[in-house]
Amino acid sequence: MQDHDFDRRTFVRRTGAVTGLLALAGCLGTDDDDDNDDTTEETDDDLEAPAFPEVEDPPDAVYVPTHRESMRMLEPVEAGDYTIAPMLSYPHPFWILTGGAGGEGEIERNDPEQMDGVHMMFTLWDDDTGVVLPVDSGNAIRVFRDGEQVGSPRSAWTMISQAMGFHFGDNVPLDDHGTYTVEVELPPLSTRTTGQLEGRFTERATATFEFDYDEAFWDHVVGEVEYLDEEYWGQRGALEPMDHGGHGDHGDQQEHDDDDHDHDGHDDHDGHDDHDHGDHDDGRDDHHNHDDIPYSALPAADAYPGTLLEPIDDPDTDLPRSGDAAFLATLFDSGSRLVEGDDRYLLVSPRTPYNRVPLADMALSATIERDGETVADTELVQTIDGEYDLHYGASLGDVQPGDAVTITIESPPQVARHQGYETAFLEMPPIELTVPEG
Amino acid sequence: MMGTDSRSRRSLSIAAATIVACGLVVGLLVPATVGAGDNATVFSLEPSEIEADAGETVTIDLVASSHGDLAGNGIDELSFTIEYDADAFAVTDVEHGPMLTAGDDDTEVDGSVAIDEDGGAVTVDQERTPSGDGAKSTDTAATLTLTVAEDLSPTTETLEITDAEARLINGNPQASFERDTTVHVEGGAPDDEESADDDPDGITLADDEDGDDEAVTEANETTENTDADSSGDGGDPVPGFTPLVTLGGIVALLFLFSRR
Amino acid sequence: MTLPDRSSLSRRDYLRALVAVGGATALSACVSESDDVDVPTGTDDPDSLPARQHAWNDALSRDDHGNVQPPEHHVLVALSLIDEPSDDGRERVEDALEILERAYEWSNEGLVFTLGYTPAYFDRFDDSLPETVDLPEPEPLTDREDPTFDEFDAVLHLASDRSQVVLEAEAGLFGEADELNGVDVETGLTGVFERVEDQRRTGFVGEGLPAEHTELSGVPDSIPDEAPFFMGFRSGFDRSQATEDRVTIEDGPFGGGTTQQISSMDLQLRIWFEQDNHYQRVTKMFSPEHADEELVGDIGEALTSTNALTDERIESTQDDARTRGVVGHAQKAARARVDGEPPLLRRDFNTVDGESPGLHFLSLQEDIEAFVRVREAMTGDDLGVANANNGIRSYIFVTQRGNYLIPPRSLRALPPANPTGDDSSEET
């Protein structure tokens, strides 16, 4: 515990909530001891501690959560065309979505049903391109201990979190300490793939990894949790990516090496690599591994070719937003590799603000209008491209400068959310764009 | 060493008296409904701001608040260190509070206190016996009595919680969240150590955002700044010792108390 | 096999556990639990029984809404031939089955059963099956499944409301009981078939039965008390089931028979009940509109005799996928209806084989192709909806599959592939 305590002390010094106390009174649930409190004891009146560290009334937008989670990173595993990086944290709440345009019951906060266990996660990607695959074709996870299957098989949820980006995850109950073996079965990818990813992921594959579940695990994953200064809780904004290194910026392969150097330098504040010099070095927590684990950041807007469609209303942000999701929409020049023949390709790439995490499993359509007449009305097909990553696209035969393009969000991203994303990307009004002149 | 011995004895007797009083209020504190956050034990020094004169004696509570985990397990162990500027304060007494006894009249708190007078640190370890369902409550875990140095010039000092740890009855730790206390001595100005720093650690705020595309790169810069900050912080809260502090050594005591 | 611990289980649970264990000792334990049960006897006149083995519905009881009530206890006895089929063997099998029919009334309280044969069984004959029988080898039906296949010869499906009866019947057939409900066991299947012990499957269906298994870690306490199936809802609604006529092979030598497929699957109930809320479960099991309009009730009781899948709700599946981001299991599977008629007659049942919750999805259909079409519609790969919102497919994990021909009663004992010797090209 001593090493660990030392790390913790450094952290507290850095982020100690010296300034946050007064500013944040409104964000905290405090024990309501002013009313009906007939206690005669002075100590009681002085108690102003929050009952529970939580964000009250978060905005209907991406917001800064109370804390940054910590996790144990396991060594990435290759399985067929897939590479997965398993990660473990302690069981914690998340939100699942069934529909989600605001209907009662469609979004459900999931508290762990049992605290003994892990929050099991993995990032799935293509190691050749560094593209994180943000869709599920039906993964199946089986957990074993001493050769016996533990619990029923499960399909991990697709999830987005600010620090981790897109990943698969679920709370997995484990009744006993011990060494567990996990088999992750990955079916062929059913999503349309293009570019370098075309024709890939056609075979099912099984990845296997092991981990120790014990006291040291708990001490590690709980001990490294970082609570933020209260003044930021619930503010519009987001945690920075936990690991923004490596392939995350796969749009810029040239700069890849430089990026890595940068990241090595400033990873230290992130808490998650503190365990390198912590007391749980079981040989599986190799810091260098998770430098190689991509964060699911989409390329920046300027990495997309073609004519960027312009919002009709000038937004405050670079890209127009709907439900706080940023929408990049660009019209490729005719005859690109993403279309047959001379058509133009409309690429729409919705992403989280701040961190550019892809928003998968939406249903989008585009309507093109010219002089008030609809000239095209098409569904946009979810696609993963080796260069442009996850997007929704359609081939357009007839589109001209001055045309109005409406992107309709028929259903919001059907992915589970971690704290800070659960109030965003739900009610998503259409995005109104035009094809710029000239 | 003689001085430390007599101090520890005094602490013990005061503690015994205080416990009886504190015991009366436990149970009146009803935990608020579990909200949308993750679980954590909150360690707060209260009051959060206090004004004091040189030579004055002040008491500060460490209030611990826990709802247990999401499965309903309470906590049965607390430990924390409170760091302070040994030039500015002397801790004259530490009393255990009843937080860990919540919910069961028949539990006791096994506790120990260690005071590092030179380093300016008080370390408290407490255990609920028997553990039972553990404590889920908001209550005082310890009360510190501090004397402000006689000759202290106007200043603002921070009492800081470090190494805070709460453990659930199943042995698993619970995340902790700490709130410190600011002491304005002789009208010392508000502490602006961090308030000028609006470059939060590891966060991108909407207001700061220049554009969607800058965010990820911006994050890198923020991070680098932070590193500089943290290395600068390294020796900050605990200043070097001065010749004035001569009572070296660590005072430790271990005792048992019951709510009854 | 060790017997379950009587003291730790409810009587009902104990009886279920005995069925799962099987064998003579389980039977005697079961009999002593069931002292006063008076099991109705069968008939000495085999011709009085239906010509179809799968003609159960008229003999089974019905609930207040007219839905057929399946027997509570089920055993699937996997069988492997010892010698090649012979006339002597046929006679023994027929005699053995007629003993069951004499011993037990053809009903819930007595016993209903079928004997079905795999493609592997028919492979031994020079002739192939007539064209009127569609019985392919089982295969994976989605990208996500990699089941093992039933490659033994036959499966005997025994079903009764009385756990004692299914145990006793099996014991009698394999020389472990001399008398069945007062009828002497003169002959059994021993010598013709041997049991494939590790493929023996058991199960149960009925309101309240799944909730009796919350001692298993895979069955959460939150499962509704009255649910007849592990997934928490009724199924087998009369108007959502194919009739026996519909699933019966009409022509050819096996006319009057049917095909049976059995897909065994693990169920992930902890996520289903602990993470999804009722609205989400109804959405994923039936349709978004079922959830919005609260058509289902807690466990499906509000649906009475139909799953309320109108043509409109079935047709809106694709729309729901787009505009709701979620589709219901029943809704998309119903897309495989033919002229508005369900093609499958489900006789599935819950299981805790392997000490974890599962389902033996047993269905009868005129041809296996009908099942494949339903399964494809149920998989819904065409819908472009997120896996977790694509009905219940992220909660079911298929582990085993078998296809069977259930011949008419007249051919139930070791049928040849082409009983009439007709050339298959002559079939119409």
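In order of appearance the chains are A, B and C, and numbering begins at 1 in each one.
Just so it is clear, a residue touches a chain if its C-beta (ideal position, glycine included) is under 8 Å from a C-beta of that chain, and two chains touch if they have at least 3 such contacts.
Going by UniProt, the chains are C = Tat pathway signal protein.
Everything numeric here is computed off the predicted structure, so don't read it as measured data.
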Without chain A in the mix, what are the joined groups of chains? B | C
What pair of chains is linked by the largest number of C-beta pairs in contact? A-B
Longest centre-to-centre distance from chain B, chain (CA-based): C
How many angstrom lie between the centres of chain A and chain B, each centre taken as the mean Cα position? 34
Mean-CA-position distance for chain C and chain B (Å): 63
Centre-of-Cα separation between chain C and chain A, whole angstrom: 42
Going through chain C residue by residue, note those that touch at least 2 other chains and give them in order. none
Check each residue of chain A and list the ones that touch at least two other chains. 113
Going by the contact rule set out above, which residues of chain A touch chain B in the complex? 5, 8-10, 12-22, 29-33, 37, 39, 41, 43-44, 46-56, 58, 61, 64, 66-69, 90-93, 109, 111-116, 215, 218-219, 222-223, 225-230, 232, 235-241, 244, 248-249, 262-263, 265-270, 297, 300-302, 317-319, 326, 351, 353-356, 419
Okay, in this complex, where on chain B does chain A touch? 21-22, 24-25, 28-32, 34-40, 42, 44, 46-49, 61, 63-65, 67, 69-71, 73, 81, 97, 138-140, 143, 158, 160-165, 168, 170-180, 182, 191, 193-195, 200-209, 211-213, 215-216, 219-220, 222-224, 226-227, 229-230, 233-234, 236-237
Residue positions on chain C within touch of chain A in the complex are 142-144, 146, 217-218, 220, 266-271, 274-280, 283-284, 288, 291-292, 321-326, 356-357, 381, 384-389, 393-395, 397
Which chain A residues qualify as touching chain C in the complex? 96-101, 103-106, 108, 110, 113, 135-140, 149, 151-155, 157-158, 170, 173, 175, 185, 187-188, 190, 204, 360-363, 379, 382, 410-412, 414-416
